[in-house]
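Given below, in the form of C-alpha cells, are the structures.
The following pair of complexes shares a single chain, subunit A, combined with subunit B in the former and subunit C in the latter.
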Partner chain A sequence: MLHFLASWEVFFQTVLVNALLAFSVQIALRAGVFSLAGVGCWAIGAYTLSILNLRGVNTLVAIVAAVAIACVVSYLLSLVLVRLRGLYLGMATVAFNQMVGVAIINGGELTGGEMGLYGVNAPVTTLQLVIVVGVVCLMLWAMERGVLGRAYNIVRDDESLAESLAIDTGSLRRFAFVLSGAIGALGGALNAMLLGIASPTDADFPVIVIALTMVIVGGFHSWRGALIGAALILWLPIGIQSFGIRGMHEWWSVVYGALILGIAVYFPKGLLGGLQKLRSLVDRRAVREATP
Partner chain B sequence: MLAEQLLVNAAVLGAVLTLFALGLSLTWGALDVLNLAHGAIFVASAWVATRLANSVEVPFVALLVAGMAAGALLAVVAELIAFRPIRRLISNKRQAELSMVAATVGFGFVIDNLVGRATSHQVFSFPIGAFEFRQYDLGVFKAFNIEIIIFATAIIGALLLNYWIMRTRQGMAIRAIAFSPRIAPLLGVKVDNMAALTMAVSGALAGLSGSLMVVWTSGMDISTGHSLLLRAFAIVVLGGVGSVKGCVLAAFLLAAVETGIVAAGYGSMRDAAAFSLIILVLLFRPQGLFGTGRAMRA
Partner chain C sequence: MTTATAQRPSAPEQAAAAAAPLLVLRDVVVAYGAVLGVDHVSLAVGRGQLCGLIGPNGSGKSSLLAAVSRVGKLSGGSLEFDGQDYSAWSAHRVARLGFARSFQTVRLQEDLTVLENVMVGADKTRLSGATVATWLSSLASRGDEAKSRAAALEALDQVGLADMRDRFPTTLSYGTQRRVEIARCLASKPRLLLLDEPTAGMSSAETDEIAALLMRLRAEGLTQILVAHDLSMIHSVTDHVFALNFGKLVAQGRSTDVANDPVVRAAYIGVVETVEEDSDG
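And then the complex of A and B:
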C-alpha cells in the first residue's frame, strides 16, 4: 500500500490541484454562468504566489493575497459582463483569460515574460493538499445541499422564474463569479507551489479546454462530478498507455478525444449523471423485487 | 517594409480570416454550434490537399476542391456522430450548447492528433511546383498571384454565402432553424438535412481557407488552426454572430489592426488587440457591429 501510494503520489497531487481548477469552472456552470474566467484566475493565483514568494513573503500570506486579488478581479469582471449569457459570456471570459496571458507575457521583470518565473520555494505536502481540497469539497457539499444550492438550481434553469421567487439573481451570479475566481486562484497558487514555477501557459487555451473537459466529462451538476472528471482526464493518458495493447500507446490521444466526444454526446450530465442513473435503475429494480 | 506591402499583407490576412470565420459564424448562428474543431478541420483539409498534390499531378483548382471536400466531409461526420444525437437527446438549449462545445473539443482533439501523427507534428506544405508563384506589379504595390487569388476568393465566397443565406429557399430554411429549431420542422423544414448541409458548407469554407493559406504561408502545422480559431472568435463576436457582412468587415478590421500593431513593433501585444475588441464590443453592442437580433441571424 505504501509503495503504491509512493509511486502514485505525484499523480494524486496533480489530481488534487487540478480538481480545484475543475471546481472553479463547475461552480460557475452549475450556477448557470458559462464563465471560464477561473482559468485566468488560476494564472493570477500562480503568479501572485510566485511573485510574493520570490520576494520572501510568507507562503500563507501569499496564498491569501492570491485569492484576494482573484476575488477583486472576478468581482470587477462580473460587473463588466453582467449582461452576457451563454456562449457570448463564455467567449468574453476566454478573452479575459487571453488578456491575462498577454499581460503576463508583457509583464517584464515582474512576471518574467515568456520565460515565466522559476525557483518558487514553497514546498507543499500531499497531506496539506488533501486538507485544502477536502475543506473546499466540504464547503461545496454544504453549498449544494443548502438554500444557496437550491437557489442556484433555479437561477440556472430559469432566471425569470428565479426573479419572480424574489431570488436576487444578480448578486447570486456575481457571487458565483467571485467564488469561481477564488477557487481557481487557490488552485493556481498550489500548482505553482507544487511545480515551483509559474509560466505564461497557465492562462493558455489548452488549460481552458482541459478544465472544461474535466467538468463536462465528470458532470457539472455537482462538485463530485468535477472531481471524477479531473481524476479521469488526468488518468486517461497514463491508463490508455498502460493497457499494453500493441501500438495502443501511439493512439492514446485519439482514443482520449473519442472518449470525450462520446461522453459529451451520450452522458449530458457527465459520468456522475450516468452513475446516478445506473443507481436509480438498480434501486427501482430492488424496489420492484421487494414489493410482491 | 513599405506601407503598401503592409496593406497587401493585411488584405490577404483579412481574406483568409474572412473565409475561416464565415464557417464558424455560420454554424454558430444557424445551429448554435460553437465549433472548437473548426481549426482542426481547417488544418486537416489543407493536409489532405497537400497529400493529394504529393501523389498525383493535378491542377491547383482540383487541389482546392479536394481540400473543400475533405473539410465538408469532416464537418458532416461531426454533425452525424455528435451534433445530431445531441439535438435529439438534449432538449434544454443551454445544456445542448455546452454538450456540443465539449463534443467539438473531443472531435477536434481526434482530428488534430490524427493529422499530427500523419505529419509527425511537423510543418507540411505543397510540393514545389504544385503552385507556380508569379509576382505582378500593380502600379502602387506588388502582389503575388496567390495573394490576388485569396483576396478574390474571399470576396466571391462571402458574396455567394450571403446570396445563399438571404436569397434562396435553402437559406430561408436555415434562417428558420436559426430562429427556432422547434418551429422550423412545423413549417416543413427538414432540420437534419439542412443542418448537415450547413455543416458541409462550413467545413468546405474551412477547407478552402486552409488549402489557400498553406500556399500563402508556404506551410502550416496543427497550431495554425488554434491560433486562427481564437482570432475567428473575436471576428464573429465583433461582426455579429450570423452576419456575413459583419464577419467580412470585422475580419479585415482585425487584420488591419494586427498588421499595424506588428508593424509598429509591438508583436507580443497582437493577441490583446483581438480580445480587447471582443470585450468592448460585448459591452457596448452585444449583438456585434452588424448583428440584427435573433430573428434575422443565420
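And then the complex of A and C:
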C-alpha cells in the first residue's frame, strides 16, 4: 500500500493542485459567471509566491500575499466587467489572462521574462496539500448547501427571478468572482512550490483549456465534479500509456478529444451529473417495483 | 432632544397611516424605444385590497407589474410603498420591502425539490446580510435552515401541496407548478403579492382553488394585485379593478363597472361578454 502511494505521490500532488485550478473555474460557472480569470490569478499566485520566496519572505506570508493580491485584482476586475454576461464576459476574462501573460513576459528581472523564475525553495508535502484542498472543499461545500446554494442555483439560471426573490445577484456574482480568483491564486502558489518554478506558460491558453476541460468533464454544478474532472484529465495520458498499445501514446490527444466530445454530448452536466442521473433512475425503478 | 413618546404617532396619525394606500404609482412610464408600454399610469392600491389588473394582450399589464416590482424597467414617474419612494431601488431591495411576485410563465428550479423551491422564498431575511457572513454561517447554522423549512412547509400547506414537497417540478402538472410558485411567494411573508396570470393553463377546478386561496389571503389582510385574462375570476375575487389598453389606464373601479365600461368593452370586443352583477352582491 505504502509502495503504491509512494509511486503515485507525484500524481496525487498534481491532481490536488490542479483541482484548485478547476475549482476556480467551477465556482464562477456555478454562479452563472462565465469567467476564466481564475487562470490569470493562478499565474498571479505563482509569480507572487515565487518573487517573494526568492527574496526570502516566509512561505506562509507569501501565500497569503498571493491570495490577497488576487482578491484585490479580481474585485477590481469584477467592477469593470459587471455589465458583461456569457461569451462577452468569457472573452474579457481571456483578455485579462493574456494581459497577465504579457505583463509577466515584460516584467524584466522581477518576473524573469520569458524564462520565468527558477529556484523557488518552498517544499510542500502531500499531507499539506490534502489539508489545503480539504479546507477549500469544505468552503465550497458550504457554498453549495443551504441558503447560499439555493440562491446561487437561481442566480445562475434566472437572474431576474433571483432579484425578485430578494437575492442581490450583483453581490453574489462578485463574491463568486473574487473567490474564484483567490482559489486560482492559491493553486498557482502551491504549483510554484511543487515545481519550484513560475513560468509565463502559467497564464497561457492551454491552461485555460485544461481548466475548462476538467470542469466540463467532471461537471460544473459541484466542486465534486471539478475534483473528478481534474483527476480524470490528469490520469488520462498515464492511463492510455499504461494500456501498452504500441504507438497509442501518439494518439492520446485524439482519445482525449473524443472523450470530451462524448461527455459534452451525452453528459451535459459532466460525469457527476451522469452519475446523479443514473442514481435517480435506479431510485425511481426501485420505487416503481416497490409500488404494488 | 427627541423622546420616544414624541416619536410615537398619535391615534389620528395611526388612523391616517392605516387609511393611506399601501402602493402609489404616479405618472409611471415604461418606454421601449419610441413605444410606450406603460403610458403615464397613476393609481393607488389600498391596504388589504385585492386589485385586478386587466387588459387585452399587449396592453402593458406585465410591463407595469415588472416596473412596480422593479424587475423591469421604469422610464419615468414614481413608485411609493407605504409612504417610501422606491423608484430608484433595485429589485432585490424592493423584494426585501415585502414584495413577492409570480411571473407570466412558470419559473421554478428544476434541480431543486418543491420544498427547496419554496424555501427560496423563505430565505429572504437570511440573504439580507453580507454574502461572506451568509457563507460562513452556512458552515454551522442549522437553526435558520429549520426556520426556512418550517415557513416553506406552512406555505405549501396553504396551497394544498404539502404532500408534494419531495417531488421535482418537472414531475408536476402545469397548474401544480403554478401553485408551487404561489407557495414560494407566501413563504416570504409578503406585504404585497403580485400575481401575473396565476391561473393561466389551469383547469376550472384548480382556478377555483386559487380563487379561494386569494380570497383567504385577502381576509387575512394581504394586499394583492392580480393580473388575469379570466374576467369571471377577476369579478369573483377582486375589490377594485384597473383596466389598461395600449399602456394607458382606461378605467378603474368595481369589476362590474369596469367590465361594462364602453372603453374597456371596445378593447376586449369580441372577447368579453357583459358581466352582470351578482344578485346577492
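Structural remarks
Heads up, the rule we're going with is that the second predicted complex is superposed on the first by the 290 of 292 C-alpha atoms of A that agree within 3 Å, B and C clash if a C-alpha of one lies under 4 Å from a C-alpha of the other, contacts with A are read in each partner's own complex, and residues count from 1 in each chain.
Just so it is clear, a contact is a pair of C-beta atoms (placed from the backbone, for glycine too) under 8 Å apart; a residue touches a chain by one contact, two chains touch by 3 or more.
No experiment lies behind these values; they were computed from the predicted model shown.
Partners subunit B and subunit C, brought together by superposition on subunit A, fit side by side with no clash. Taking the C-alpha centre of subunit A as the vertex, the lines to the centres of subunit B and subunit C open to an angle of 90 degrees, rounded to the nearest 10. In the superposition on chain A, A:Leu212 makes contact with subunit B only, not with subunit C. Contacts of A:Phe175 after superposition: subunit C is touched, whereas subunit B is not reached.
Judged by the touch definition given at the top, the superposed model places A:Ala151 against subunit C, while subunit B stays out of reach. Which of subunit B and subunit C touches more residues of subunit A is settled by the count: it is B. Looking at the shared chain after the overlay, A:Leu161 reaches subunit C, while subunit B stays out of its contact range.
Using the contact criterion defined above for the overlaid structures, shared-chain residue A:Ala95 touches subunit B, although it does not reach subunit C. Touch criterion not met for A:Cys71: it reaches neither subunit B nor subunit C. In the superposed pair of complexes, A:Val57 makes contact with neither subunit B nor subunit C. For the pair subunit B and subunit C, the minimum alpha-carbon spacing after aligning on chain A is 12 Å. In the superposition on chain A, no residue of subunit A contacts both subunit B and subunit C.
Interface of subunit B with subunit A (complex): residues 28, 32, 34, 36, 81-82, 85-86, 89-90, 94-95, 97-103, 105-114, 116-117, 226, 230, 233-234, 237, 268-269, 271-272, 274-276, 278-279, 282-283, 286.
For subunit C in complex with subunit A, the touching residues are 69, 71, 90-92, 95-96, 99-101, 103, 107, 109, 111-112, 116, 119-121, 123-124, 126-128, 130-132, 134-136, 138-139, 141, 144-145, 148, 184, 188. Those residues of subunit A whose C-beta lies close enough to touch subunit C in the complex are 138-139, 142-143, 145-151, 153-154, 157-158, 160-172, 175, 221.
Those residues of subunit A lying in contact with subunit B across their complex are 29, 32, 34, 80-81, 83-84, 86-88, 90-92, 94-96, 98-99, 101-103, 105-106, 156, 205, 209, 212-213, 216-217, 220, 250, 253-254, 256-266, 268.
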